[in-house]
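Letters A, B, C and D mark the chains as written, and numbering starts fresh at 1 in each.
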Amino acid sequence: MGGNTFGKIFTITSFGESHGEAIGVVIDGCIAGMQVDLNLIQKDLNRRKPGQSKITSNRNEADEFEIISGVFEGKTLGSPITVLVKNKDQNSADYDNLKDIYRPSHADYTYHKKYGIRDYRGGGRQSARETIARVIAGAFAKMILNGAGIKVQAYVSQVYNIKVDPNYKNLWLDQTETNNVRCPDPNIAALMIAAIEVAKATGDSLGGIVTCVCSNMPIGLGEPVFDKLHADLGKAMLSINAVKGFEIGDGFGSVLKKGSEHNDAFVKKNEKTGTLTNNSGGIQGGISNGEDVYFNVAFKPVATIFKQQQTVNTSNESVKFNAAGRHDPCVLPRAVPIVEAMAAIVLADHYLRNEMYKIKP
Amino acid sequence: MGGNTFGKIFTITSFGESHGEAIGVVIDGCIAGMQVDLNLIQKDLNRRKPGQSKITSNRNEADEFEIISGVFEGKTLGSPITVLVKNKDQNSADYDNLKDIYRPSHADYTYHKKYGIRDYRGGGRQSARETIARVIAGAFAKMILNGAGIKVQAYVSQVYNIKVDPNYKNLWLDQTETNNVRCPDPNIAALMIAAIEVAKATGDSLGGIVTCVCSNMPIGLGEPVFDKLHADLGKAMLSINAVKGFEIGDGFGSVLKKGSEHNDAFVKKNEKTGTLTNNSGGIQGGISNGEDVYFNVAFKPVATIFKQQQTVNTSNESVKFNAAGRHDPCVLPRAVPIVEAMAAIVLADHYLRNEMYKIKP
Amino acid sequence: MGGNTFGKIFTITSFGESHGEAIGVVIDGCIAGMQVDLNLIQKDLNRRKPGQSKITSNRNEADEFEIISGVFEGKTLGSPITVLVKNKDQNSADYDNLKDIYRPSHADYTYHKKYGIRDYRGGGRQSARETIARVIAGAFAKMILNGAGIKVQAYVSQVYNIKVDPNYKNLWLDQTETNNVRCPDPNIAALMIAAIEVAKATGDSLGGIVTCVCSNMPIGLGEPVFDKLHADLGKAMLSINAVKGFEIGDGFGSVLKKGSEHNDAFVKKNEKTGTLTNNSGGIQGGISNGEDVYFNVAFKPVATIFKQQQTVNTSNESVKFNAAGRHDPCVLPRAVPIVEAMAAIVLADHYLRNEMYKIKP
Amino acid sequence: MGGNTFGKIFTITSFGESHGEAIGVVIDGCIAGMQVDLNLIQKDLNRRKPGQSKITSNRNEADEFEIISGVFEGKTLGSPITVLVKNKDQNSADYDNLKDIYRPSHADYTYHKKYGIRDYRGGGRQSARETIARVIAGAFAKMILNGAGIKVQAYVSQVYNIKVDPNYKNLWLDQTETNNVRCPDPNIAALMIAAIEVAKATGDSLGGIVTCVCSNMPIGLGEPVFDKLHADLGKAMLSINAVKGFEIGDGFGSVLKKGSEHNDAFVKKNEKTGTLTNNSGGIQGGISNGEDVYFNVAFKPVATIFKQQQTVNTSNESVKFNAAGRHDPCVLPRAVPIVEAMAAIVLADHYLRNEMYKIKP
């Protein structure tokens, strides 16, 4: 009930503080007998880890994982899978000055008021280091989706005011991982990197948008009222640190279309039914229709900047604050595998939920 | 598990088809001994009901509610509260032509494929008539919030390309209910109404944005990882029919700010701590910080339009479709109480969840 | 969270007070496209209803049900199924004297202290009339189980000190419904009825045991740690009014066996694997093994007796209490369909839960 | 959904296989700022661990725990608490012969059929070593209950046919921990130990009963319909390995009482209301009434015996089976802290759940 479990059949429970012993996750409800792709887990952890390029934080964590339970002779047992990543390169001393201060736009204040206590070292539980748990669980979800043929791919579509073509079909998605910013348009990528370097040099930070495309979707994922597929995707994305907005299909852009422009006409596609356009983002009434599911996720600029800021301390006295520690000037490149992971978790959960409708009465 | 229950402590279970016997809701986890404000329930149902003005559908439903359980001598018992609204003015014959057709951008196709069966009369379970359940439950949630002093107010901030000042403090929120479109700027309201009338006259439909402001917020609502307050608000909003996007605080706009522009400095406000700006939308790390919580919800244009459309039938044959029945050219005015209801439900749930942290060990 | 919902996939939400408008249930997660057997629902309601024989309460309720949602043209839609039974023959005046008194071994006191309010008419929510919701939901669960070939049958095995052969294979289970007490041994049935009549004549009440046998069980139902099949059956049974004990297989009797006497040897049964004995009650490690699942449920004697009793009033003053109203001297005959219903609900839920393990990775 | 999470507010997620890396637990929903009593955790682990006396298994595990998350400077943070116990003294080779065999009355067969795969080393996930997770979580629950003044004490009341006085008030509960069998009657304890030694010497095993008494109970714990306090206690107990039965208050014995003998009269106790007798076991209508909550839990004899047994292998061929490894001839002494732990978990969960009813509307 503390809100650290997500999913209804494929359920993940996240735990760990940034400067505690480890970050980890328990996955309950994974299918049994599935070959565990260890490379996939490490690959996604590497895509998320700090220090991977000159535009990310230089905290130096190998982020090697250990599987503690639920896997036997390389396969899932059907019992809960627990995976840990130890915290190694903590510089807790960097945070001593934070003990009595509330950093602007961080959660120091709200944690302190809610719980009466907080682990101020590296942000404790509020640290985005928690997303390691999500990336690991997401890798298991991707293994399930691979079995079903479903593909999930995210990319950086905007950094600050620099953006790619809004239609993902006009991009080079297979080039996404070839540049440090994970942008599927090499020219735009270069501009984004330059902007991030300027932000870094000036002690400032930038936000942006991650777009995610789920293709080869089955029909029928999603429950139609509260657990609409895009409602669960939205919650999943909004639960990621620094996310401020979510839109499915043409999202906020749909407001500027009339019904006659927005509706997706059904058409015969070979022997199947499909839609001519896909403004809906592959979901109607909360249920996937077989077309691509795509959505945008807005990330605010990182709260930690290296400019002096005004704030208050725990005695409600006005103080000046100067950040220390190692921080990303822009989280977008590292957010890509996190968005993919959360998308995969939602899809795997709904994929398993939908199985019961295959029982014939 | 069918996805018709929402909330963790204050839980609501919605049921009913558009042309079935009734729409209803069971509320489990409401506090006991609370005086039930019958007027509030009916008032919000009236704000939602069709036929309330010339810019809404002219289906003529009184939408009178009956309390079936959980209330005794005017007060809540602590047992589940069940409320029904009978369906009366169904013209099921209007829908006979829909039996074998998949309407564009409706959920006929996805329901049929998922379940192998559907109630095609008036959209069945996919009908927005389901939101009656939400409005009723939301009225009970508002009663709890009233006891805590929390206020939830929504309004139409945009219809098609016509929009109000983005800062709600520059609007006349107390005038929202004085015009048919529920816009807190009378001049803009007139333009919106005109646009809706044109859409109606031309058989087309319009989308828009509802903004919601939650004020007098306590500190500490929201759980910090998956059940962040804005993640639950986002899921709640995205579960409403026709919603395509959600943003908290400055949302997608945060992308165009640098960290130094976006951060909300903490300041001493009298004897309390507050923030100088509120780009965060009153939430940090998923937990309310005492400032106003505000967010935007994007609604696509209504899928039913009165222009001939291309689609397929259940045999996957190409057919022409002409809509019949009674439909809104723009759902925004009626969406306002629905957005408020879902917001109130999320806040009431988190208000009750947060109680356990008040236990001193 | 008020505890009125049960099940994880096949979920039921019960509502209603004894002298309120109606008792009802919402079933969410039923499979779609299933033909609804209306006769089965009414038959089980009739087996539960008061006034069915001279040894039950003479409250005269037809207990006719109305399906409010989730069924279309006789089949389940996959949307939530809501069923109501109106309360008709309430004599609320019989209960006026209970407004300020706490009846011995009833829940008047605990409800009042927990909620600060109670509906004293006919026991309100604590009334066993609530079990109508369970019987209706159980009928839908039985329809699912019928499709899977699983059979659930309960019977009265003991009333006070009169009991049948403990081995159900020595009984005439198909004769269970031929006598008023629902005992599958006609000679013992006559003795039980006589004992109940004496209890009734003397204003006293009797308890007893209901035994339930689930046959033609699939292998694999139940999750192995907390949601063991017998743990969920146990919770289901202990949640029925007046139940004080539950045992699976040889239960408390297992204590008097040594391991060498209790173990169930695996043997080849035709081409399948089975067990030679079935002390385990068809479940090992919380998972069904294909043998019959059988268990006992102990019901205390009815709390309402027609002898003067000592108690206190709401002012904590000592008072004499004389019961009025219409009550069963022994609930066992009417408990049989309730036990079956709860068993069916647990089995249907685990049957649907187990589907995901059929996905091949 | 794999059934490895228990509780609604105070939720525990158990993980780990007997011969895997570790057994562990994540506790989500513990109150924040609570001093962690490390001694209590280790003391209860020591009461559970093998090799503690000559009548228990001689697997030699120190069972030292490590707190991985959720505790900072000795206090709970409000974030999920993860605790691990590494597996050290595994003799996996002892189990090689089990790879292709289904041990009688073990869960080898059901696991294999359900999942298509199993970890045969030491029972894998079906091993009672999993209860380490419960004992750790139970220690945290006891810390919460200590703050509320609630006391939970269990003891062995019966081994095979040797039993103590059924009324716990006639026993020396404070002597329970002074003998190896944890029986609060020293004379009976000696007889029990003798019986276990005989069973051990003859390669056989014994079952028995653990009784648990919860005293200084608040009024109001438990939700009245499905989540009755004794229903949740029953599920908790039945989820423990080898448990076959549960009874609350006078349980199965209530069947042999008439209503006039069984009812608990309310009486004025000083300024409070109490009951003259306590046949109900401190619960009425599923809600605690302030009297002691007490219940019995039946454990079958251990399935592993050192006599040759008949069984089948994974090819469904008849084979002889001779057990190896280290096993308890009677689990009862080690079950006492497990029963206490599960009771404490249920009470802590309902204690936190009940808080919301203290909100005044």
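The criterion applied here is as follows: a residue touches a chain if its C-beta (ideal position, glycine included) is under 8 Å from a C-beta of that chain, and two chains touch if they have at least 3 such contacts.
Computed from a predicted structure; not experimentally measured.
Comparing the residue numbers each copy contributes, subunit A and subunit D share more than half of them at their mutual interface. When you average the Cα atoms of each chain and compare centres, the chain farthest from subunit D turns out to be B. Separating the CA-averaged centres of subunit A and subunit C is a span of 46 Å. Separating the centre of subunit B from that of subunit C, both taken as means of CA atoms, is a distance of 39 Å. Per-chain CA centroids place subunit A at a distance of 26 Å from subunit B. For subunit C, residues that reach two or more other chains under the stated contact definition are 1-5, 8-9, 14, 29, 32-33, 76, 78-79, 111, 114-116, 125, 224, 356-357. The touching residues of subunit C, when paired with subunit D in their complex, are 1-6, 8, 14, 102, 104-107, 109-111, 113-116, 125-126, 130, 158, 160-161, 199, 204-209, 219-220, 222-228, 230-232, 234-239, 241, 244-252, 254-268, 271-273, 275-276, 279-281, 283-289, 298-305, 307, 309-312, 316-318, 353-354, 356-357. Of all the residues in subunit B, the ones that touch subunit C in their complex are 1-5, 7-11, 13-17, 20-24, 26, 28-30, 32-33, 66-70, 72, 75-82, 84, 111, 114-119, 124-125. Residues 9, 29, 31-35, 76, 78-79, 143-144, 147, 224, 352, 355-361 of subunit B touch subunit D in their complex.
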